[in-house]
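Take a look at the structures below.
The same chain A turns up in both complexes below, where it pairs with chain B and then with chain C.
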Partner chain A sequence: MENRWSSLKEKTAPYVLLSPFLFGFIVFFSYAFIRSLYFSFTDYDLFSIPNWVGITNYINLFKEHLFTRALRNSLTFAIIVTTLQTIFALLLAVVMNQKIRGIKYFRTAYYMPSVTSSIVITLIFMWMFQRKGVINYLLTLLHQYGLTIGVFLALLAGIQFLLVFKEKLRGRQVEYLEPSYIILSIILASIITYVFKDFGIIKPIEAKAVDIFWLNTREKVPFWAGPFAFPRPLGAIMILNIWTTVPTFMILYLAGLQGIPKALYEAAEVDGAKGWQKFWYITVPQLKHITFLVVTLGLIGTLQMFDQVKIIGNQAPLESTITLAYYVYQSAFPGASAPKVGMASAAAIILAVLTLTVVLIQKVFSGEGRGLRD
Partner chain B sequence: MKKGLSILLIVTMLLVFSAVSMAETEVRIVGWGGTDQSIVEELINKFVVPELADKGITAVYEPIVDDFQKNLINSLSAGTAGDLFYMDIFWAEYIIKAGQVEPLDNYLAKSAVLSKDDIIPSLLDAFTFDGKVYGIPKDFNSLALVYNKDLFDVAGVSYPDEKDTWDDLENKFSKLVKHFGGEVTGLCLAPEFARFGAFAYAAGWEPFVDGKTNLMDPAFKEAFNWYTGLKEKGLGVMPADIGQGWGGGALTTEKVAAALEGAWVLGFLRDNAPNLKYGVTFLPKNPRTGQPGNFIYTVAWGINANSKNKDAAFKVMEALTSPAAQQWVLERGLAIPSRKALADNPYFEKDTPEAQANKIVFLGASAGNVKPFKFKEYGGQWMDPINVALSEVMSGQKTVDEALEIAQEQLDELMK
Partner chain C sequence: MKIQQNYTNDINLKIKRRRWMNVGAIYLILLLFSVLFMGTFLFGAMSSLKDNPSKWPPTLKTEQLSLKNWIGVYILARQGGAGGFFGELKSGHEVSLQITYKYPTGVEIIPPEAIIPKRFKGAGRAALDLDKEFTADFVEIKLIEEISRTSVKNGTQVSYKISIVNSSQKDFDELPIDLVVPYKVKFKKATFSPNRIERLGMVQSWNNLVGGVIPYIFHNHFRVFNENYSRSTGKRLFTTWIYNSFFITIVKVITTLIFASMAGYALARLKFYGRNYLFVLILFSMMVPGQVTFISNYLVLRDGIFGFTKLFGGGSLLNTFTGLIISGLVGATAVFIMKQFFEGLPREMEESARIDGASTYQIFAKIMLPLAKPALGALTILTFQGVWNEFFWPLVVLTSPMDKFTLTIGLLSFKNTYASGAFDWGPILAGAIISALPIIILFIVFQRYFVEGISFSGIKG
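Presenting the complex of A and B:
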């Protein structure tokens, strides 16, 4: 008797412990999800009694210009941002994993964009993206001094090559990126560039100020991409979004890097592997699980992007920034007209199904998940 | 000792019962946050409490800091909305048609202090649907031309005045811009229908003909060309191009000579540019029609149709819109109240810039082709295509014809 009682206790304990979360899940997710699913087949407008309309909402959605625009924007945004942020996060993590002085300071500093409120960052970026903002100013500078910078870089590469080549002729083993030579090359290249500039051999180009409309435009970029081009304001949000999310994923990669056994690198070195070979054949495959996580989280986050569109608001034409999540909000609260709760719910369901599908496809292609289950 | 205790008990119970029998009806008032909170709370203390305290009615203000309309729609749908709430002309039609607002005709018929005839008719009309009144306008605003006196003085150009046509105003701006050699520009040209629309109305344009909007109408194009032409001729600038979000902010930079704003700009200028000497006049007249155009922006009190305290809410509404309350609001320069009788108020004859500005805004609402700031059930979605067209033309991305063609297509899709 005593035995059965304790085994019953043991069986129910997990459910008791799960119940607080389960309660939240049922009330705030399951109930809401089922309600939305039901509303998506009705013409509910918050006040009148919902009428069953079948799949009319879903058909009407695809007839609506703004919805198809939102769908395209969301997909483009998700693909481009997830790809770039994964690559940058990995590279940044590898750099941050070096054992150099003050690395902890850099790790903290680089993590700042992710801790800062997204609203604050979006507001700051909105100023930077103005026609006379910082970004256009920097582009103008780059345009004006492009030649000078080019000459400097060419000199840098040339001097470095000569220095290393000279050593190699003497039969000494020197890496092409030998740090002490790089410092020397930078100093020499700077002096020569300065002299060139002083004698007027190279001059800053008298270019007009760059005047790119980052926000207030319906123009699509890049112009050669045809049907795959996206509105430039969406591009601005991509830049902003990548900048804020890279550090979060960098942390995940950093954790993964700590877990790679040193022995693997040592063995590879014995076999004569170069730096990039070690990166490509050891680091990248060893981080496969992390990459799966980063890509999954990235896809979910980017497909449901909402806040930045909301804050940019009427600084940019709606069709240039609208995403699926924003479309749902816009249909549920259209300002002065009847809330189209039916349409909004249908769009929300499509967004949910889309997110699930994309993540599943990603899972199949990366061959992940099987490994996790075993 | 025992007796003493029981007497105490009886007295306590009596006190409790009397308190219950005098139970008060609490009317929940919902409106915007910010300055409205202190204004309404003071109105409650000054005018509602003395009037209704002995009738057992109290009022409490619940400010909604952000997204008031979304909040109201949600709470109406959930049945938790206040008894008395703000209704902006811009979106009131929808909640009225959804049956969420109590028609006031029966209450007005019984009321001794509030009648339809007291209110400025154009304001009341804006809240009248199928012959029933759903809201009592509390105050209103219209657009006026706010200009920087110093800049006109330095340039030696006469101030804009009520006799100006579009051409006269353009001449004044071009003289002024010439004098400053481009350092200062004329008009702050917000790329928004909320400003530009006044000129389209002045040219005689009707926004809705048989339920459709026609941007190809010559009157609309005339206004569009003039407004965007000011930018092209260097006589105006979009606020964003001088790092500002709106006309009020643009005026404080002293880089624009004038902006189109309502009385809401006065408090802003008082706080942000106390030394700016500004003047206010009517919007210029269209040279062909000889009329100015304007918008009426107005907010009314509405009663929740599902409230349990509708009678009490109406009593509170009476107190909040009483002549005394409105006079107090006007004399404080807080808003321009909706009672007709206040047109002759001595406040409007005061010689302060603010009183004069309020007078222009008050009179502007009945001069020329004036329409309420609402666009059927489309709201902001109706204005968006026009706003984008204005901005694309003024930033030189599209020609007038290209931009209007796209805008027309989008409006046709919206209104199909």
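Presenting the complex of A and C:
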């Protein structure tokens, strides 16, 4: 009896341990997923009994202007943000991968945007993106002092080139972006620019304050991109989203960078590889797995973008910011009119299929044989 | 020989100098990035102290952070009879404000006109404060006295002392004042800077002369707490939201830790039917957006989990914390992290325990869990951060009353509270900064775990 009991206990142990998780997983994921799939073929409206309508919802979706706009916004957003955040995260990680004192504090500081909630960040950004906000003010300054900054940068490049060229003439190996010379160049360029300014050779332009509508506009940017242009409010959300996600992905890249064997770089140096060659031929290929992970997580995250659209709300025209995720929410809880759960579910299924497809395509193209996060 | 020595020294010095310059260049780049990533927060935090964070042009100069103003506020609050940090205008006390104007040549020198205005605070509170007693009805402006007059270029600079006395039996916690001067007269300085200068410089307005230093600096932060009261209970909404967020977060962290390690261990080490399918499903679920499942989940909660709650006399789980918690007991990602961690542990201890006759439960509780401490640490932080910042699902589940909101949803409601007409960014920014504080403190203290958490969920396995 005792034996049988303990044997039963052993046999059921996996299920007992799994049960709390399985409860949630079955009720709030599996059942919900199947039910959504079912709803997407019905005309359900939360109150009456659902009627089967076949694929009508899917057909109607593509006839609806708001949905196609949402689809387009979501795709544009996902592609641009994922590309940029991956590049920036990699570059930032390479810069951060230094063994110098205090680097930890900098990592902490950089990671700050990633730990705070989307509502906090979005509110702060909305404040900065006002017509009379910080962003427009910085642009105004840039406009006013554009010439000064241009002269400074030109001087910087010129001095740097001269310094490096002088060393090269002496037959020494120097890179064009040699940091120690950059410091010297910055100091010299600043002094010369200051003198120019003092003598009135360059003056700040008397420009009007930049008055860009970042949120409350239907304008599309960039204006030359034609059919590929996207609404400017979406662009504002892109900036904010890249800013918050780069640090997270930077940490993934940092972990990857620390795993690259030093011997590879040493061998390359013996063969005379320069800085950027080492980066392009060793660092990038060695980080392939991380890049796959970063791009996958980035795509999943960006395709689901919802918070920012909801928080910005009526500060921007709905059409300019709407994404698939928001379209789903808005159709299910439209406020005044009747909920269109059928349409919402169909859009949600399309969003899910889209996510899976994009991840799969990504997997095929990157030649990553192994599964997600595997 | 000596020349050789000198030459080597020279080269050494050069290398050393170059290395230092390299380090300097890297620090410079790092600092620039810090401004980019931290600057936004710091500037937002500083601006949340300002009377008008949207003032053009935006500037780093904050009146609330000037020592001169602090001293002025302190002195006035002390005159009011209470402490300098938290002040009051007590019965029988007199406060005097000193103020200097410049009268241009040709403008008649007449003292400013002083008014104690009657102001309501915020929209939410006004409704509850109909029988508010205004300071203006009880205190009087005793005298406006000229104390000095000096000639300056193109005019005269005149200083006045304005004394206000509270001869009633009551104590007041605020004393606003407006000073009006003729057109073209320029405000120069005062005991502490006015909160607003309006009407082409003709009106200088102070919110509170006797508030004390702390309410002066954190004016907007106090507004966040003081101006939002619940319609049903009369409690401070913002405090309630903070409490709600902490409650939900702590409960969910605990359930996640327990259930994720149980499920993770089972998936990693125990053999049962359908294990691999389950794992694939978990991976799949991590890619499916929450928008796919939320309609059904909303209905499940509305119907009380298939009518199950009716057994306990409950009804709909919408707008309840129970509903919010039960639908998110443990996430797939948490289980995944724990599974990956348990798989990485050596099997020897477990096997020898099994030979000694320990049951699965004993092995899990006595051997595996203690070994999982680092993973549990990372998971705690990750979950805390995730739940604290959660936005979409609470938005769906918690709609009314406002007492039930979490901080994230509450902050969203601020957009309505403080945006009738123009945005009142002060309290919105202040609320945002306050609600970010716990997570930032947590992050600074446990930053190692944050970084580990990301690596756990991403790299391992």
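Methods note: the second predicted complex is superposed on the first by the 332 of 374 C-alpha atoms of A that agree within 3 Å, B and C clash if a C-alpha of one lies under 4 Å from a C-alpha of the other, contacts with A are read in each partner's own complex, and residues count from 1 in each chain.
In the analysis below, a residue touches a chain if its C-beta (ideal position, glycine included) is under 8 Å from a C-beta of that chain, and two chains touch if they have at least 3 such contacts.
Small disclaimer: the values here were computed from a predicted structure and weren't measured.
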Clash or fit, chain B versus chain C on superposed chain A: clash
First, second, both or neither for A:247, with chain B first and chain C second: second
Partner chain(s) touched by A:47 [first = chain B, second = chain C, both, neither]: first
First (chain B), second (chain C), both or neither touched by A:317: first
Contacts of A:356 with chain B and chain C, given as first, second, both or neither: second
Superposed model, chain A: greater residue contact from chain B or chain C: C
Contacts of A:18 with chain B and chain C, given as first, second, both or neither: second
Contacts of A:9 with chain B and chain C, given as first, second, both or neither: second
Touched partner set for A:137, first chain B, second chain C, both or neither: second
Partner chain in contact with A:173 - chain B first, chain C second, else both or neither: neither
Stretch of chain C penetrating chain B in the combined three-chain arrangement, among 74-82, 326-334 or 416-424: 416-424
Set of chain A residues, in rising order, touched by both chain B and chain C: 46, 130, 132, 333
Chain C-facing residues of chain A, complex: 6, 9-10, 13-15, 17-18, 20-25, 27-33, 35-36, 39, 46, 92, 95-96, 98, 100, 103, 106-113, 115-120, 123-125, 127-128, 130, 132-134, 137, 140, 179-184, 186, 209, 243, 247-248, 251-252, 255-256, 290, 293, 297, 300, 303-304, 306-307, 310-311, 313, 324-325, 328-329, 332-333, 341, 344-345, 348-349, 351-352, 355-356, 359, 371-374
Chain B-facing residues of chain A, complex: 45-48, 65, 130-132, 213, 216-219, 314-315, 317-318, 333-339
Residues on chain C engaged by chain A in the complex (per definition of touch): 17-18, 21-30, 33-34, 36-38, 40-41, 43-44, 47, 53-54, 56-58, 255, 258-260, 262-263, 265-267, 270-272, 275, 281-283, 285-300, 305, 327-330, 332, 335-336, 359-361, 364, 385, 388-389, 391-392, 395-396, 408, 411-412, 415, 423, 425, 428-429, 432-433, 435-436, 439-440, 443-444, 447, 450-451, 454-455, 457-459, 461
Residues on chain B engaged by chain A in the complex (per definition of touch): 69-70, 73-74, 76-77, 90-91, 93-94, 98-100, 240-241, 243, 374-375, 377-381, 384, 387-388, 391-392, 395, 397, 413
